[in-house]
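The same chain A turns up in both complexes below, where it pairs with chain B and then with chain C.
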Partner chain A sequence: MATGIGDPQCFKGKAGASKFKEGDRVRVKDLPDIFYTRTMTYTRGAVGTVTKLVYESPAAEDEAWDNTDNPEWFYSVVFKQKELWPEYPDLYANDTVETEFPERYLESA
Partner chain B sequence: MSSSTREEVLRHLQTVGYLQPALHKQTHAPAPNAIDHTLWRAYTRPVHDIGGEADVPIQFEEKEEEQWELNTFATCECLAWRGVWNAEERRRRQNVDVGQTQYLGLPYYGRWLLTAARILVDKQYVTLTELINKLDEVKKRHEQNTAR
Partner chain C sequence: MSDHDHKPAPMVDEVSDFEILEMAVRELAIEKGLFSAEDHRVWTEYVHTLGPLPAARMVAKAWLDPEYKKLCDTDGVEASKAVGVNWVTSPPTQFGTPSDYCNLRVLVDTPTVKHVVVCTLCSCYPRPILGQSPEWYRTPNYRRRLVRWPRQVLAEFGLQLPSDVEIRVGDSNQKTRYFVMPVRPEGTEGWNEDQLTEIVTRDCLIGVAVPKPGVTSNAKRPVIKAIHPVHHGH
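Coming up: the complex of A and B.
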């Protein structure tokens, strides 16, 4: 049985102060997306609500080349489906989707 | 070279033709001004970011892992434990660096296995020459065993 401290727990306490808190409204930045990202295009430019600070970790853009120098906060953000998909049926207007972002992709909305 | 090798080569050349990405218009060697920002972004996007792309429904099928798939998973985890890659680098290589044709065209664990071989060559744990020679040796052994 593995007993070590795995990713992302091994970066706990290394990201410094968090920029956002639970309940904050945030917009996803549309940063250039060449080579690698885990920030889905369909969330970019959309506004959602921070539900939780989930963990500290290097962003995928760094970790995918084995660079762990700059851990940052990751946030779980919930969006109305209607905010993401313009043609989403009004009948299901309360449907949401929740996903995680590194801090660099978020700005106050 | 045996005629069966030529047959395989010619079949291969025909098959790769089927795999050409298609914009449903002629796209080979475009002039720079033929690629606007919209097309540039489409071509250079990480190909695993498929959320929201139009597609037809596919049949969901439960499938038990085969032995080679379990072996592939264990091999890739060992490569992580030994510091050859971390999970994010593995995902980048399996899901994005392979390119759209392989990402959509190969089975899930096929991409894992291909990528495990690739990183050993990229990081110079084995040379491509050694890998080719080993593949050739195993292929010949397999042909002998199945011929019996």
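Coming up: the complex of A and C.
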């Protein structure tokens, strides 16, 4: 329990080098998930831009099973709405969604 | 022949499956000694003392102090301390509850970017600084639709924005909790921190409304009747 430290602060410095940096274009991998995931279906396969390296933490997919052995970097990624929903109106082409992913779900795009 | 179609109103509200699940897990946790019934009572009462006022004050402070605004933008957890909220050691458990996680990010609006927050996964919400989420925030209706049709959902809340304003939906489904810092509205020139705090309502902090001089409470949430309602036979 992260008493007096906080979670995710308690995993700071434990993920090693980050694979991506701010501004990188990334694609969300459609990994199989066993019973639990926080990587939303609507983002899978979509390409977005890293806005921020947010913290280090075990992925929810591991943490759900009390496995905290492999903290990794988490990234905030912004997507054009149009990339997520092809029917999104062109008039609002600037609209975006921003959300976070553990590193394992991202690949260079 | 009696009218069998007419059912008397139930004496108590129906208890949902989730409430039963919560009670079962809670009773099991008490039985196994994870926490005591007294711990649970203290914690529940504490949680119900929380509300959106500290976040509203953060916004007001940031409107008045550009340095503080910068801090809010870069380190929400640190900036929260100025309004008496410590995400890491908030009582009574001292490990960051009543938030599940301790990572606050303030989404700072600009004249061309309007943020709005949702948790498509379930109901993640920055509780230490906003209190309990409104019921509508947790509905599948809001969660499903906001990420996909944000302009339509915002319009239902009475917020219509021009096409040159980018709407950025923040989906808080990992360990960051968000609130929105709206742009300071016109007509508030010369106002002090207390005056500014009053117009930053909970809905402004979620992003479904923008602050307006004279408006100090949340608008009534519109209820739109289903076109094809489901009929339950009780």
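Going forward, the second predicted complex is superposed on the first by the 105 of 109 C-alpha atoms of A that agree within 3 Å, B and C clash if a C-alpha of one lies under 4 Å from a C-alpha of the other, contacts with A are read in each partner's own complex, and residues count from 1 in each chain.
Convention: contacts are C-beta pairs under 8 Å (C-beta built on N, C-alpha and C of every residue); 3 or more make two chains touch, one makes a residue touch a chain.
Note that the structure is a prediction, hence the values are computed from the model and not measured.
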| item | value |
| --- | --- |
| Touching partner for A:A60 - first (chain B), second (chain C), both, neither | both |
| Dominant toucher of chain A (residue count), chain B or chain C | C |
| Chain B versus chain C as contact partner of A:S18, first or second or both or neither | neither |
| Partner chain(s) touched by A:Y42 [first = chain B, second = chain C, both, neither] | both |
| Common interface positions of chain A, toward chain B and toward chain C | 7, 40, 42, 60, 85 |
| Contacting residues of chain A [partner chain B, same complex] | 7, 33-37, 40-42, 60, 63-66, 85 |
| Interfacial residue positions of chain B with respect to chain A in the complex | 41, 44-46, 49, 51-52, 85-89, 91-92, 96 |
| Chain A residues within the chain C interface of the complex | 1-9, 38, 40, 42, 54-55, 57, 60, 74, 76, 78, 81, 84-85, 88, 91-92, 94-102 |
| Chain C residues within the chain A interface of the complex | 77, 87-89, 94-96, 101-103, 105, 120-121, 147-148, 150-151, 163-176 |
